[in-house]
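Structure provided below as structure tokens; questions to follow.
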Amino acid sequence: MAVGLKRKDLLGTRDLSPEEIGLILDTATSMKEIASRDIKKVPTLRGKTIINLFYEPSTRTRTSFEIAGKWMSADVINISTGSSSVVKGETLKDTGLTLQAMHPDVVVIRHAAAGAPQILAGLLKASVINAGDGAHEHPTQALLDLFTIREKRGTLSGLKAAIVGDILHSRVARSNIFAMRKMGMQVRVCGPATMLPRYMDRLGVEVFHRIEPAIADMDIIMMLRIQLERQGGGLFPTLREYSKLFGLNLDRLKAAKQDVLIMHPGPINRGVEISPEVADGPYSLILNQVENGVAVRMAVLYLLAGGQTTTN
Amino acid sequence: MAVGLKRKDLLGTRDLSPEEIGLILDTATSMKEIASRDIKKVPTLRGKTIINLFYEPSTRTRTSFEIAGKWMSADVINISTGSSSVVKGETLKDTGLTLQAMHPDVVVIRHAAAGAPQILAGLLKASVINAGDGAHEHPTQALLDLFTIREKRGTLSGLKAAIVGDILHSRVARSNIFAMRKMGMQVRVCGPATMLPRYMDRLGVEVFHRIEPAIADMDIIMMLRIQLERQGGGLFPTLREYSKLFGLNLDRLKAAKQDVLIMHPGPINRGVEISPEVADGPYSLILNQVENGVAVRMAVLYLLAGGQTTTN
Amino acid sequence: MAVGLKRKDLLGTRDLSPEEIGLILDTATSMKEIASRDIKKVPTLRGKTIINLFYEPSTRTRTSFEIAGKWMSADVINISTGSSSVVKGETLKDTGLTLQAMHPDVVVIRHAAAGAPQILAGLLKASVINAGDGAHEHPTQALLDLFTIREKRGTLSGLKAAIVGDILHSRVARSNIFAMRKMGMQVRVCGPATMLPRYMDRLGVEVFHRIEPAIADMDIIMMLRIQLERQGGGLFPTLREYSKLFGLNLDRLKAAKQDVLIMHPGPINRGVEISPEVADGPYSLILNQVENGVAVRMAVLYLLAGGQTTTN
């Protein structure tokens, strides 16, 4: 590969160039082929060490990074709170410096605090990948979303996407908005007023408070997970009310394009923000997103950890 | 190997044929040799991905599957509740579909709900292995028990086994009853009336309420772990009372055959269902069971994941 | 390597000979080179199985052993309480025998009870490494400390070290005292009277109750972590008071040698036992200690597990 990713870390999509996004997606295309092999193993990252540092619970993201690393023959070390010195109250700085001293090549971090990956990146010689920081960014999720759209439509530029739900608290929405805009897509957001940030227009995004007009004419509808634990926090009256106003079901889908793509970062709340018929329906890309997540994370790990070859 | 296992999943012993059981035990014999090598590593499952999905705590079963997979060069991914999306309330169906999208070859599942592995198996292209579901089945435990008996006696057919304890709540008992009966063994069960299911006679099993007559003339006595947390639930008065009536100690063992084999799936409650003298005595196979567990799980993983060769 | 370590286990530094310590440190020197490679992977322990059995939370020690094992191509299995049969109340003996039946080559154990690793070592054919047992020993910590000192000073014999803090409850202090004395170092301990054991003079160690005279003329100052949870236990009035009397800050450091080496086993309590200026200062070896921890653990694993070669 002649051109690499000229950066040490992947902290967000906000500061990625369209060329960098294109490089990651192109690399992921060749990575995806590996998952279909009978022997899912390449020596690309042999002798490289990846640390998964997860301060929040996760199945799909942690597992996705772990599989991505192992298929490329890297050593993968999982550290999760509850079984680590984190319980002893060590600061993020000291945890980071400690890990650095063990010579990892990549540290993948998920943290409840926005900005934690950036702090880590400033401390470490290792590459840092943000696997979700508070309500800030979750760049590999946006990249796998773009990969999935491009795979289906052949292009990104000119496509129109509506993101529906709790935009205010969603790192997935933010990373997608940045990435989609950079790739020439039009973006709408839709949700209760209490869940929409004020700066949306600055990002070149249209704001809707009702779902029907928001999803009309869209190529993609991306539903966000509603955080069940926010119920009672004053952001929305009840789950039932939220579902009635903003949930995506077959009836509501009639307002959308015939070939609209339905996306969701998961895990889904069936019957809340998305009905089972839609989630499991023919235009749902939810499982494609998960599948492509491994390929995109392989690409990102490969491009950052400086592997030498992707073949064999 | 000319003949493989003509099934995708291992959900229980109930639907295994004697030929299938024989194939697994024969394969385990060649696998066991690997554990005695100085270099415990074969390339059999290189490039295959095994996910250990444990909804209940476990040391021996999870570790046994993990070691079995790693010795055959598979990538092994552990997911346990408490550090996963399970805490976010995702359904088993969605967790299963999500994992499937990551292209695992085998998913090993332990779950508190009977039938959970079957649901998963219906959803996944990957092979599903039941590592214990509620009080339903725990097939690899029964298979390793049969392997251990056959290793000691050279055969299974015609042998007589008594299973003693909480039969009603024991997936180990159920899987063993099905498997032993298929292999031509005679089976007795023994326990308090509150711990014996009603359908025993349909399974061709004799029922005893006192331990002395139950273990007389038996080739094998399999003691079950009493669930300490069931104390006070009305099934038995006290641990002391249970131990007095159904515990196996040296004195009681006089009623058994001279060369009787003592088994227990572990972890044992020393001094409750089994006395230390018996557990650590010359006819105890408890540690053989653990040792053979790795070999049997290697065999099952190999036969399901379609590895090409077991040598080198 | 012509000479190996003529012992099965590493339980403490108390029973190590100076020659054995020298062998471990020399081996670690060649291991450290591996960490600086682009491909951090040697086949030394391929086909060997290492079990990390951690009854107490840990980041750095568990991660350090896991990385050490993986860089040498061993299979590494993590077992931590909370996701294991330990919650079912299995005895250490039975857990040990169960693990032994799975043919591990090394079991690394951390346990709250002093002596637990010794019990395990008596039961297992596998090598047992004590990764910290109560307030008793933590030998690999002391060995990495010696390695770090020797790396900076070229020798150990004749050097003078002061260990400051809760000596009474510190396995790090105990292992260092034994090891330093064996290697010909002079050792002082310093802390509140409530935190100093009575047997110190028997170990050939000088006792100080004030930090200024304790650190004067020392080559090494080793600060111990104060256990925040001990506050209110009557051992010291408040953290603030402790810090004022025994904390190491720039002002206090003026009493020490110009080129004194500052050490701490981590995780540090910034502003309590050590000020940030000192912890991050030019003579702080805290991160060198972590880095060398991997090399020393590689050496110990290699010497105990009987690998054949360290090269390639």
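Structural remarks
Going in written order, the chains are labelled A, B and C, and every chain counts its residues from 1.
The rule we apply is simple: contacts are C-beta pairs under 8 Å (C-beta built on N, C-alpha and C of every residue); 3 or more make two chains touch, one makes a residue touch a chain.
This structure is a prediction, so every number in the text was calculated from the model and none was measured.
One copy, chain A, sits rotated relative to the other, chain C; on C-alpha atoms the angle is 120 degrees to the nearest 5.
Look at the contact of chain A with chain B and you find different residues on each copy: under half of the numbers used there are shared.
In whole angstrom, the spacing between the mean C-alpha positions of chain A and chain B is 39.
Listed for chain C are residues 82, each touching two or more other chains.
Taken together, the chain A residues at the contact with chain C in this complex read 46-49, 51, 75, 77, 79, 82-91, 94-95, 97-103.
By the touch criterion stated above, chain B contacts chain C in their complex at residues 35-41, 54, 57-60, 63-64, 66-67, 70-71, 80, 82, 228, 266-270, 287-288, 290-291, 293-294.
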